[in-house]
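Every chain is named by a letter (A, B, C and D) in the order it is written, and numbering of its residues begins at 1.
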Amino acid sequence: MIKAGIIGSTGYAGAELVRLLLGHPEVEIVWYGSKSYIDKKYADVYGNMFRLVEDVCGDDNMEALSREADVIFTATPQGLCASLVGEEILSRAKIIDLSADFRIKDVAVYEKWYGITHPCPQFLPGAVYGLCEINREAIKNTRLLANPGCYPTCSTLTVYPLVKEGIVDTSTLIIDAKSGTSGAGRGAKVDNLYCEVNENMKAYGVATHRHTPEIEEQLSYAAQEPVLLSFTPHLAPMNRGILVTAYASLKESVSQEKIREIYEHYYRKEFFVRFLEPGVCPQTKWVEGSNYVDVNVQLDTRTNRVIMMGAMDNLVKGAAGQAVQNMNLMFGLPENMGLNLVPMFP
Amino acid sequence: MIKAGIIGSTGYAGAELVRLLLGHPEVEIVWYGSKSYIDKKYADVYGNMFRLVEDVCGDDNMEALSREADVIFTATPQGLCASLVGEEILSRAKIIDLSADFRIKDVAVYEKWYGITHPCPQFLPGAVYGLCEINREAIKNTRLLANPGCYPTCSTLTVYPLVKEGIVDTSTLIIDAKSGTSGAGRGAKVDNLYCEVNENMKAYGVATHRHTPEIEEQLSYAAQEPVLLSFTPHLAPMNRGILVTAYASLKESVSQEKIREIYEHYYRKEFFVRFLEPGVCPQTKWVEGSNYVDVNVQLDTRTNRVIMMGAMDNLVKGAAGQAVQNMNLMFGLPENMGLNLVPMFP
Amino acid sequence: MIKAGIIGSTGYAGAELVRLLLGHPEVEIVWYGSKSYIDKKYADVYGNMFRLVEDVCGDDNMEALSREADVIFTATPQGLCASLVGEEILSRAKIIDLSADFRIKDVAVYEKWYGITHPCPQFLPGAVYGLCEINREAIKNTRLLANPGCYPTCSTLTVYPLVKEGIVDTSTLIIDAKSGTSGAGRGAKVDNLYCEVNENMKAYGVATHRHTPEIEEQLSYAAQEPVLLSFTPHLAPMNRGILVTAYASLKESVSQEKIREIYEHYYRKEFFVRFLEPGVCPQTKWVEGSNYVDVNVQLDTRTNRVIMMGAMDNLVKGAAGQAVQNMNLMFGLPENMGLNLVPMFP
Amino acid sequence: MIKAGIIGSTGYAGAELVRLLLGHPEVEIVWYGSKSYIDKKYADVYGNMFRLVEDVCGDDNMEALSREADVIFTATPQGLCASLVGEEILSRAKIIDLSADFRIKDVAVYEKWYGITHPCPQFLPGAVYGLCEINREAIKNTRLLANPGCYPTCSTLTVYPLVKEGIVDTSTLIIDAKSGTSGAGRGAKVDNLYCEVNENMKAYGVATHRHTPEIEEQLSYAAQEPVLLSFTPHLAPMNRGILVTAYASLKESVSQEKIREIYEHYYRKEFFVRFLEPGVCPQTKWVEGSNYVDVNVQLDTRTNRVIMMGAMDNLVKGAAGQAVQNMNLMFGLPENMGLNLVPMFP
């Protein structure tokens, strides 16, 4: 059994990690770290865990935790993981960081978009960006994993095949994303109150959202040229789900069949990416609670553009599920162990 | 492997059966029966099942199905199962009927509340009412199981201990229930459109809802006297979940501690009933997607009443989950096999 | 023009007062009081008011306000209005208090349920409980008006006719209420976050909710005997609306027709109470945004009970709308001036 | 008093017309036309209208109606209005058509996108496209008004100033729109059931939505060159509201200040267009129930693009409200008469 500790287990992503790890046959959770609820029963913080988790919350002492755990998940605000991690800790336990601290290779970019000084840039070169479908081999051998952001996971997987194959002009790439409210976290803010979010839609972080450079970096690797794109997130009145609608102009005329072949080629063997049948639009509800990303693409010959769509559960494939998928790879387990989750509908 | 067939697999309860049985280690689904979608791919009817179910929908030929399946689930409108079942079929396969056809022992009561003639009353004596926590032993030996209604499951389990122990005056029993909209089914009706249900609450079937006699019958067995009660269902703007708030006057003064002891006594060993800590009100969200029923009770000395509360997922413990729980019992499997579902929050 | 000031204009009830008063032909708002947003533009606190309100928020200086305003609305937590009001202020301006401070005549009851010492019990005898349909004449002549609570308004109007006429046994009265989340206010609390409320239902304040004694007092006046009842509020996943389902046993056998006649008698001439046609259940959505209360009643001869139902918008008839209705009465204006609001559907 | 008749009064847009016209001081509704509910009481079809509308539904006999009414609103599926209208009718009553029949000047384009033969193309030249902020003068003098579609209204007003001024390269224009579900109408379809829409987001009509050519035509007039754009509508889990996020590349470098000046110039005097303060993103909830369109724009110098955002209530400014605004213009009334609706929040 793999002993797992969670720092930040009382946020929504942390709670989803608990849900998934409780169902994982090879994992035992040994540490429910929290900042706000230390010494409180975990099941008092999340009533759904009544009788399923008897533990009380611990703190975020990564040093102590690394002596008890084989793997440490950090589901915490940016800056925290990077301020706690160290060589000794990494020598004892593998780290899967759900924050942004090790996602962006260029320290200057990280510091500019996040507005903080990176506490330990020396670990950046060794960290691996955990988008399994793309970096699978590197993930297997790392001890410090940067779990991708929710928007970057959905955005990258939605557009990856055509960017990688050089079919689209990346300078025309526009990503319009809609997210459920769990992505905003469990902090007590007026903006996230029920009455403010319900029956409402809005964009936010227009032209400034921190996930932009992360998407750009990954797509730059794929395109083998610098990618600069427009990314606009929106808050939608639902708990879970991210829907990405992406637009790009074709470099040259390509048929709908050819485009579908490319997607098929990339995703045929991927367990967690479902390339939908022609004409079917991804729906966030079709993947809720599961680790799937549903993807489809539509050629528009009128405008010489492709419209690429992707849907996933932001807390699963966009956070905890992908973290478990990464853990499986890092520990030599079947990639989908504990993740055979059938989407719940309705 | 148990071969299972589902008649009515394209309704919400049927679809939930598919979700649960896909995760059951000892079951294989061999028949996706449907009335409206015969010959259509199941995954085209429920997009969440894309790549998980390759089958096409069959019809509702129970005779043919009984030659292929060990167990047949009928998730169909009242009257259908009773019109299809027969001695020969029952000799070949066990039947778990999610409709009301075999729930009520008194044919006259059934016919009065449901307004139809019972097609095969001769099977009623042999049918077992599948509320596992109460009829566990009888369930193990039946071949025709009447799966309880959603409201009756939640209502009965919420009030059972105090009724059984004779603590409350059953003539004062009032059950006020609130249900998510999946309970209304997938039929295309104006009343169930998004814009009609969203941001809305209403009672319906006031003093006339068909689940009333079912609850009364079960509580009459418990009380060992005829029980007549008020039951009012309400439609709530959410997909899943039933919340029951029940009221009854005490026969004589009892302490809160004593009342809690009684609930503890009845539910301590029950895997799927969680008796909450003092002062905690059940929330439907805390059980979503799982087979749990969360129950609690509050003594009000001012009015000499108890307020009893229960929450469950209407599609799981209120339909498909309980059906699987019954199947497990009927086939000698561990009662919770395939049902270790951690509630999803948020 | 009546000059109106609002203390507590940045809560949801205060904001609704602003919405209604902006549409009132005889009122001008001269003071947007706030505790949290002093000196901030009101339209920055409520974006819907952009270009409709140019003012900045003031404080809660009732003394200064009373020199500028003809009427002062206090939409503040309990205790504040009572601590600010005084003889001099009342000599200059009429007060309409949306908090609980002057609703309960018996100081001891107030102090017990609210857990605070009443700052000025000397004003209680002169205060009038502003349930217009019942206290219309007294309201016209008061200078200190206690605007009823949301639950008490809906509960009282729903059951009033049968209690007043002595048809029901008040010792059997049970009120099960469901409220939208705006009733919980705009405070930043985890419990009121979108993801906690959405897709969820729960009871709260079971047997202890502070609106209980307020309902009991009003019904005691009607019944001319002390009334003790069970009141259970529930939180529903919607912004607005309260639905009350009330149960009571009949003292003696009465026909459905007779019961309907009684309701007709009491409400025929009431502009804001709509007694629905036989068999129609009130829906909160049918009254959203308006000052109407929809009421209906169903006799259940099986159990010798009546089920009484009421629906209203908690922010309008349950708070701001009723406050304006009271203001109209206090200033000799037509009772429905500025309140001809057509319910918005969907 | 203007006598108004509504054909299609029992759809959501028709019902919103009823709501608005009931509050209009110069209008009397004389005809509640319906296809599905002929001879049924209107208040039985829309419970919110109980006691506010006593009429029963009539049919869609435009000929008869034109003898009773000064203005006829048609809130019906495409094709119906054009099949009913005629010279004689137009000589008696003004027509405001909320369907698409007279929106597109080029018959071939209409017939291609709508898949039907236009019944009376001879009236197209005389029909006026009723986007008041752009065609105000022409509207005043027409007798046949084509009320704009919901998406085209929000899309066009959101991007109009920069397109008109030639600031953006219209060949790069992408419009990503999100709509509440009332836009899908009140027809009983599985896709619009509560459980299918709730907690779900999806695109639909990708590259094929019928509002595309309507937007393109209007923007072509503005740009004085043919505009071809990508338009993608999405279904969002809310009753009302459309949010448009539009992207376009700048033709040449322009400052954020200059861009804001242009919007100010166009919308300063518009009563129903609110150009928001810098950095504020429009929210659909801020305009709910009102005739406002909230608009803002953000320059992204990194990508040399502008992101333009607009929010409105699809049933008001997107349908019934704009129809009333047009009626006011056509009858020489103040443009905002009956439309001083304060947005409802929450």
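In the analysis below, a residue touches a chain if its C-beta (ideal position, glycine included) is under 8 Å from a C-beta of that chain, and two chains touch if they have at least 3 such contacts.
Predicted model, so just to flag it, every value in this text is computed and none were measured.
In terms of CA centroid distance, which chain is the most far removed from subunit D?
Between subunit D and every other chain, the largest centroid distance is to B.
More contacting C-beta pairs: C-D or B-C?
B-C
Could you tell me the distance, in whole angstrom, between the mean C-alpha positions of subunit B and subunit D?
Their C-alpha centroids are separated by 46 Å.
Centroid from C-alpha atoms only, then distance subunit B to subunit C, rounded to Å. What do you get?
Spacing between the chain centres: roughly 38 Å.
Can you compute the centre-to-centre distance for subunit C and subunit D, using the mean CA position of each chain? Integer Å is fine.
36
Quick check on subunit B: which residues sit in contact with 2+ other chains?
12, 182, 195-196, 198-199, 237-240, 283, 285, 288, 346
Which stretch or stretches of subunit B touch subunit A in the complex?
Answer in residue numbers: 12, 15, 19, 22-23, 46-52, 182, 199, 239-240, 274, 276, 280, 283, 285-290, 294, 340, 342-346.
Residue numbers of subunit C touching subunit B in their complex, please.
Residues of subunit C touching subunit B: 172, 174, 176, 178, 180, 195-196, 198-204, 206-207, 228-230, 232, 234, 236-241, 243, 245, 247, 281-285, 288, 298-300, 302-303, 305, 307, 309, 311, 346.
Note which residues of subunit B are touching subunit D in the complex, please.
Residue positions touching the partner: 12, 181-182, 186, 188-190, 192-199, 237-239.
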